[in-house]
């Protein structure tokens, strides 16, 4: 079993010139914890904005989210892995970079997302399968 | 020799009523066919009666000195008591009926030995208690052993099938060995027959009852028993058989129905389930008191009025 | 009857077990064929899926008649039959879904996610096979049941996005729309029924312990 079987394909994007408030609206509405930031003119240049970034770096500091652009607090570049990576490698990558999600990329394009929960679920399934050859 | 007819009738009704304790669950859940069950029961009852039946016969002679004619009336009184109480749907024990009758006869002739009666009554009290203990312990021990050793789905299925069969045969054997004394023990006490002859005739009469009239009782679920899974059903029969076998060695005939009820309660304790309804337990307690008293009173008056 | 069972050392039971195993393996194969057909756009493979449903029907009938000819203790028989019937329901649904694909192309916006669902359905069938074999050995099924549920939850998530995406697919008329809707419903309901089957295995497992 590979990463691409467990990844989430529905990725939400936001333009870098939008405000953090727009990002909050989008994330709350879609019930998601991160958005991929698209930079104008650069198709494979991505950043990521997470709920942690918003809460810790904007809201907790009392900054008005309407006055700050997404590009100012997004993290770049995003952490990417290949769609045929196995779960142990994905877990190691997440641990080394201390991040809760990895983007699955195919030729530079983001095609999916894998989270800590996905890695745990995959581990459970792999253990349940054991050494079975169907 | 016609005097043994009442005993034969008693044996026949015992066979018809008590065989349900052995293969009842097996037949009603479709594990064993009715015909297979009754032939196995009849065969093993005979075997038990012939091999160990004489062990419990001595007690009859010890309780009272009975004459051959009195033996006839005792067996008749017991048979009538059983019939009446069964009609009233009160669970009745053949052991209690016949011993009540023998004591009744002994009271009339002045030969009743109540010191021996204490031993018998103690065994009656301990029968359901032994059943409870055996049911509980066997369920735990056997369950533990099987869980560790037989994990395969199909093997377990085979084990339960074989187990129910073996337990049933053993149950029939112990029924024969312990209860044949109820049926023809009075004739040994009165000197009409040898223990071996009594065992043969008693065994045959019980077997006949099993073969000819056990269907109705076996098919009734109205014994106040909760439907059991095959393992618990197996344990109940095994516990009942072990209890009966134990009292055979002590030499006192006891009630197989009460042993079964005890075993059911014991198994119920394991799963914290009430396996026997309170209503049933109440009826059993009534039967406990009514059976020996009715047997005794009936025997007393039959002998007094007809001899 | 009981003597036959004991003296044959459980031959009838083994036959039933082998039959049920082939039934579930057939389901795995059917789901895999369905997925491949969607990926390659090969309608012949879809026809194979439909044929497999017919084959599965006759296996099911064999299993049930063997069971009622005397395999297993009577208290187990209804549960085993129920399990086989549930697996058969999956086949029926798979066949209906396949019929849509034979007649129609899956719209492009829905294609990728549909293939993903088909793959996850296949993975669930694999888990069902593993669970059945574990049950035969008397193993604990909790892990396996959980794995099935994880896949089913994943499919539920994809279903949500499919439902949103289908709104943007142009439809010719009501019946075309209904057929597409039925296809999506069927495709995503397969996992629910496989989950039912796996839950039922747990019931059988617990009742024999």
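Labels A, B and C are assigned to the chains in the order they are written; within every chain, residues are numbered from 1.
Going forward, a residue touches a chain if its C-beta (ideal position, glycine included) is under 8 Å from a C-beta of that chain, and two chains touch if they have at least 3 such contacts.
Remember, it's a predicted structure, so these values are computed and weren't measured experimentally.
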item	value
Central chain of the complex, centres being mean CA coordinates	C
B-C or A-C - the one linked by more C-beta pairs in contact	B-C
Rounded Å distance, chain A centre to chain B centre (Cα mean)	75
Euclidean distance of C-alpha centroids - chain A vs chain C, Å	33
Rounded Å distance between chain B and chain C, as computed from the means of their C-alpha atoms	52
Touching residues (chain side chain A, partner chain C) in the complex	1, 5-6, 8-10, 121, 124-125, 127-130, 132, 134
Touch list for chain C against partner chain B, complex	1-3, 5-6, 9-10, 13-14, 17, 72-76, 135-139, 207-209
In the complex, chain B residues that touch chain C	29-33, 36, 147, 150-158, 160-162, 164-165, 229-230
Chain C - residues contacting chain A, complex	25, 28, 112-113, 116, 119-120, 123, 126-127, 129-130, 133, 143-144, 146-147, 150-151, 154, 157-158, 161
